[in-house]
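Per-chain residue numbering starts at 1, and chain names A, B, C and D are given in the order in which the chains are listed.
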Amino acid sequence: MRFLPTLERKFRRWKKLKKPPLLRKLDILFKSTHKGQIQEDNAKRAQRDFGKDNKNELSYRTRQQFMSNGTFHEAVGSVLLTAQWFAMMPLRGVTAKHPSSLRFSWRYVRTCCCLLFIASMLINLSLTIYKVLNGSITFNNIRPLIFKSCIFLVCGKALSLARQWPDLMMKWYEIEQDLPQYQTQYEKRRMAQTIKMVMLVGMMLSFAEHLLSIISAINYASFCNRTDDPIRNFFEMTNDEIFYVLNYSTPLALWGKIQNVYSTFIWNYMDIMVMIVSIGLASKFRQLNDNLLKFKGLHMAAAYWSERRIQYRNICTLCGTMDNAISFITMISFSNNLYFICVQLLRSLNTMPSVAHSVYFYFSLFFLIGRTLAVSLYAASVHDESRRPLRYLRCVPKDSWCPDTMRFAEEITSDMVALSGMKFFNLTRKLVLSVSL
Amino acid sequence: MRFLPTLERKFRRWKKLKKPPLLRKLDILFKSTHKGQIQEDNAKRAQRDFGKDNKNELSYRTRQQFMSNGTFHEAVGSVLLTAQWFAMMPLRGVTAKHPSSLRFSWRYVRTCCCLLFIASMLINLSLTIYKVLNGSITFNNIRPLIFKSCIFLVCGKALSLARQWPDLMMKWYEIEQDLPQYQTQYEKRRMAQTIKMVMLVGMMLSFAEHLLSIISAINYASFCNRTDDPIRNFFEMTNDEIFYVLNYSTPLALWGKIQNVYSTFIWNYMDIMVMIVSIGLASKFRQLNDNLLKFKGLHMAAAYWSERRIQYRNICTLCGTMDNAISFITMISFSNNLYFICVQLLRSLNTMPSVAHSVYFYFSLFFLIGRTLAVSLYAASVHDESRRPLRYLRCVPKDSWCPDTMRFAEEITSDMVALSGMKFFNLTRKLVLSVSL
Amino acid sequence: MRFLPTLERKFRRWKKLKKPPLLRKLDILFKSTHKGQIQEDNAKRAQRDFGKDNKNELSYRTRQQFMSNGTFHEAVGSVLLTAQWFAMMPLRGVTAKHPSSLRFSWRYVRTCCCLLFIASMLINLSLTIYKVLNGSITFNNIRPLIFKSCIFLVCGKALSLARQWPDLMMKWYEIEQDLPQYQTQYEKRRMAQTIKMVMLVGMMLSFAEHLLSIISAINYASFCNRTDDPIRNFFEMTNDEIFYVLNYSTPLALWGKIQNVYSTFIWNYMDIMVMIVSIGLASKFRQLNDNLLKFKGLHMAAAYWSERRIQYRNICTLCGTMDNAISFITMISFSNNLYFICVQLLRSLNTMPSVAHSVYFYFSLFFLIGRTLAVSLYAASVHDESRRPLRYLRCVPKDSWCPDTMRFAEEITSDMVALSGMKFFNLTRKLVLSVSL
Amino acid sequence: MRFLPTLERKFRRWKKLKKPPLLRKLDILFKSTHKGQIQEDNAKRAQRDFGKDNKNELSYRTRQQFMSNGTFHEAVGSVLLTAQWFAMMPLRGVTAKHPSSLRFSWRYVRTCCCLLFIASMLINLSLTIYKVLNGSITFNNIRPLIFKSCIFLVCGKALSLARQWPDLMMKWYEIEQDLPQYQTQYEKRRMAQTIKMVMLVGMMLSFAEHLLSIISAINYASFCNRTDDPIRNFFEMTNDEIFYVLNYSTPLALWGKIQNVYSTFIWNYMDIMVMIVSIGLASKFRQLNDNLLKFKGLHMAAAYWSERRIQYRNICTLCGTMDNAISFITMISFSNNLYFICVQLLRSLNTMPSVAHSVYFYFSLFFLIGRTLAVSLYAASVHDESRRPLRYLRCVPKDSWCPDTMRFAEEITSDMVALSGMKFFNLTRKLVLSVSL
């Protein structure tokens, strides 16, 4: 079946076992409360009592901070914070509890940093174009050009996305509040944990790949040393587009290196961005599905179905809005990954100059393929989850079948809810096959 | 998202700012009128008053001429007029206010010019066939043959389209009158402006490309001068199919050149034709959608939905009729563009004899790709707009959901409304991907 | 648009003008009758009067024979009769008025002839296999093997089809009788005329191609004459698989030649078979559509729609039954045509030994492509016609919309009615594109 | 049409004629009973009488054992038993009457054998990886690596499938009991017979192929004899990955050979597994379809349709559950078959060293293609059968058409019920074409 979610689930189960005692206590307490007193009045009282009981352990404020409300805004906070260190998504209030604290302004220091990086990127891109046009144009030679143009485009788009972000998060928040809520801390934290895990794994692998690329470059530089200085050799090789035009100087070399590191981060970040939005959307659908599953096959009132249908519609609208916002990044990410896989496969026919190169090359190839597959599968999960309510609608008993259920079923059947690459292609599991053919 | 419409919108917003003060005044006046007095009686009075108020500024007749009624016939008038200078669409009354003034006759001078051009085209085509058959037949060598056959076929089809045009425009007009009308001059003029912009940009780029082709040909002719006369060299090269059979003479050279210019125009015009019809159809769907958007989520009577459904059906029928009329041109335009992109990509492997050639070649390649993409995207917008009412139907409140809305939703879901290439393929955004793969 | 049907229509209009005066008289008389007296009683009287009026001109029996009842069995009679001369479809009663006269028996002389031919074919096939296995196996060399295996398989399948034919025709007849009937002789004869035209054109072109192949073979044989006898040279070349094993003798040569002629006929006949069944099915759908068109947009009773739905269902079932019966032939016909187009395109790279060869080669190539396209388009027309009632259902007025119309619309939307190649692919217009890509 | 089912039917009809007299007697008796007394009371009495009548012939217990209840568990028993001899599906109670006797435990001897084999497989795989990495990596050279990895993965998956099997069979059993039951022993045994036939034919062909491979290997070994011992030559060649690292010794050679035989069995068994599950699911759909066919076009109560819909839904759920359980095996089986067909087609360009090789090669190629086709067609039959109820729903008379039938029809129309390769592709007849293109 689906590896990634399965892996996640296993990982989560293992984490569950070793989750901090406090959290487990909160959950167990809640569950027992929930079981004993189903009536709402009682539940409220339980909440109050539960507040009282824990008072001695930790103050109300600390607990409030500690407890998650399970919103996407909250889950994505640290991811955006990391991005800001790499000149992307310049926003204030990303780690705030409520999305209304999000602010974008051209006057913030982080926005200026971001613009500065884009300007520096533009200079680097011009140098690259100059070098490429002076050589012969082949599928392989335009690689740095394609790489840097993509980074440049994504940076620009990320800036415009940052401007939209506060509105998007407010919309998301409103829709989230309207959905049937999870009861336990564990369920509320699930999405945030998945997002953090994806970010962490993605960044670590990307870091490993960058280290390997440096090692193989040093290795190569020591072979064909144009000058006596090994550090200079290394920089002249990795930033050949700069020293093709300008003379060597240490500040330029450092600038090139920083540019390089940032580019590598952004190159990975655009894939992570798509994955994270996908995880967010899929988990909202799952939240609805979990509620439907709970009442599967039972005799529910028409109002229940009508309400669920409206909630489903809201998530679909949200999905469309997010798709509009990030589909350009999705497009760039996909075409970029496909181009690089093709280039790498072509290069696999060449002989490797050293073991370091060989290790770097295969690691890089498998990392690329894995990343592309991960993006595809996470993005496809939005579509898969959006189709799931159909399964529960099929089990609605005969006498609960009403115009509302019929309308709900018809809408799911006929709508195509999925992230897309600028509407040119929808990200579903079928796409993976048709691309690989 | 969609570049072209986005570009348009930006362009339009910029134009709005600097739209002539009179127009702005008319609109503002109308809006304020509309806001203050919603009742129909009052609106009528406002119209009368509004007529009075402006009387001192411009006479009634001038205003009438100046005001647009937002019909496709009116919007497309100047485009057809331009085409008539290039021996296409020989019709009288293209710039008239009402489509009933459109006339086609075999006895008009413009029809005769058109037939004359077709005959001249046929002679040129025969000369080309003769030259091609006497050489070796390769994918690249049959280029002029394909080019000229397409021009010839399109000319013939355009003539038969001209015969149908008065009927088509009458049908279009009737359906247009039945649609919910826009209130402001700005909204009424939108379609006409888009059409004019597309025509203008298309023609200008085509003109630029033709100039570049002449420059590169002159450049090339000066290199390999077979005779002493540089003008003769140029003509012998650009019209080699004529002078392969006949001896050189200035009238023949001029005939060839005119033929050449006309062919280039028609080659571009067939793409523009498809784009313009697409814009027209899409804007009719948008007119309906804008009305649906206005009442989105409100409790509307069944009669409202029933009426909208019939209007939607009418536009679909119109779409089918127009598709039947132009799908041959669409087919030729598409296959021609694809063939030329392939040929150009193959030729990009050759080395360019000069900088002029190189500039011409890349400009021509990007122009071709851009034009093909523009045709695809504009044509796909018809399909996209036709699916849009579904979005508003999804938000119909529970108690307004009636058999009419259900029927409307089902029809949109199950029908495929799009322009097509002789029904072999539908022009949607998905096609772009499957063709580029 | 659709060339072939358009061509047909033009051809028919031209024929209409010159249709025999008697026929025209019958039709005009009928039409005037129909106009004047709509009531059924009157219509009956008109029929009687009309019988009386014409009595003096031609006897009742002659008129009966002359008048068509518009059944498929009647239309296909002469086509089957022709096939019987080439050892296919051995049935009695193919030209009878009523399909109940159709008989198949293993003891009929024509069945024995057919079996004899199949046996002879088998021997020839074995000789071909022997020759192919003794040479090198390439894509081009196995051409005669593929050709003869296909002929052999189709012969066998045609025999089994002949056994089913009487039942199929009875089923077809019953469904036909239940459909809304055409009123004029002209409309009743339309299908039969189309079928005959297709048969005639197909056979004539096939004959022309065979003649050209003989001419080019004679031409070639005279070049590389292994023996002194030019006739022997010719036969040794065209039947090389026989004389690879056996010594030359005139009876063998004649046997080979006859085999050759028959094979060519059957090779064409399998395509014609598919076309004819397609025409038959499409015209049955059209018969229903014409009735629906007549009442388009009118307020019809639920019973009307219910009846039409059942009739539509019957034709669909018939379509499925016929598809089961001929889908093997369709499959063979399609794959065979595609294989031969590929082989011919590959051979087009070789230089032609003579002008005769060149003419034969290009004629044969275009004939093949044209035939394949014709089969595809006629087969696709079944699907196109089956979707047409949807167009009329969309125009049903609001107050005539009932569960029956809804059910009818849903069935058309969700069912895929088309001929298929053993269910592996459906024959629609979209297939043409996906195959040509 | 569909060869395989047709072949099966013919084979079955032939078997029916020669079915043991006792079975025939039971069936005839039952049929006559069924005809005469339709009322349930009478049917019960008939059952009792029927029990009495036969008492003299065979004891009640023997008859019980002899009679089939037509469950999948029963049908698949012997197939699983065979698999256990080849270290797969280690379960107790596979031949028991009731699936509740199925047990899986890590402590059973067969589970240990299975784990032992997996461990041994892992060692062999490591040796193979070592040998491949030390040579050049080409499409053809990695063949043993791909082969052994697939076997290893399938073995692991089969073990995890064995753990799920008891639950799966219980679910299956419950759904089976709820379906409309067949009346005759013949119909009940049909599925089991098909499954056994597929197993038998598959195993026999696989055995024949293995024999041919041994013969051709012996043949080849005698040519290029590295040592004097012919047996050693043979083993060194067939297990080159072992003797690339280790020195030759008879126990190692035997281990390699056994490994080889087991691998070949498992390689075939994974295809057979997919086929058998497909047959099982398709036959359950057929059981439902047969009941629907019986009442086709009759006026049935809404409750009848409601019940059938729920039964249909149950089989769909079962289909989904089984797909989840085996889709990994399906995926491996499909990609593996495609890879090997490609490799074999590439190798067909090489010249064969001997006739034995040539025979082995062509047998192996056709066996592979045939097996792949058989898997595809059997798997596609699940989808085909799942669509069949639509045909009967189309014939529901007007006054029996109720919300239940509508819901049933809509569900069949919009759901995609098919086995899949990890949801990346659905196994339908259309897939065969798109893969072969």
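Some observations on this one:
In this section, a residue touches a chain if its C-beta (ideal position, glycine included) is under 8 Å from a C-beta of that chain, and two chains touch if they have at least 3 such contacts.
The structure presented is a predicted model; accordingly, all values stated were derived computationally and were not measured.
Under the contact definition stated at the top, the chains bordering both subunit B and subunit D are A, C. If you take subunit B and subunit C together, no chain is in touch with both.
For the pair subunit C and subunit D, the CA-based superposition corresponds to a rotation of 90 degrees in steps of 5.
Judged by shared residue numbers over all numbers used at their interface, subunit A and subunit D contact each other through mostly different positions, with under half in common.
Our note on geometry: subunit A versus subunit B, Cα centroid distance of 41 Å, whole angstroms.
If you average the Cα atoms of subunit A and of subunit C, the two centres end up 58 Å apart.
Shared interface positions of subunit D, i.e. residues touching 2 or more other chains, are given as 410. Chains touching one another, given as pairs, are A-B, A-D, B-C, C-D.
Subunit C contributes residues 306, 313, 316, 324, 327-328, 403-404, 407, 410-411, 414-415, 422-425 to its touches with subunit D in the complex. Subunit A makes touch with subunit D in their complex at residues 1-2, 384, 390, 394-395, 398, 401, 406, 409-410, 413, 429-430, 432-433.
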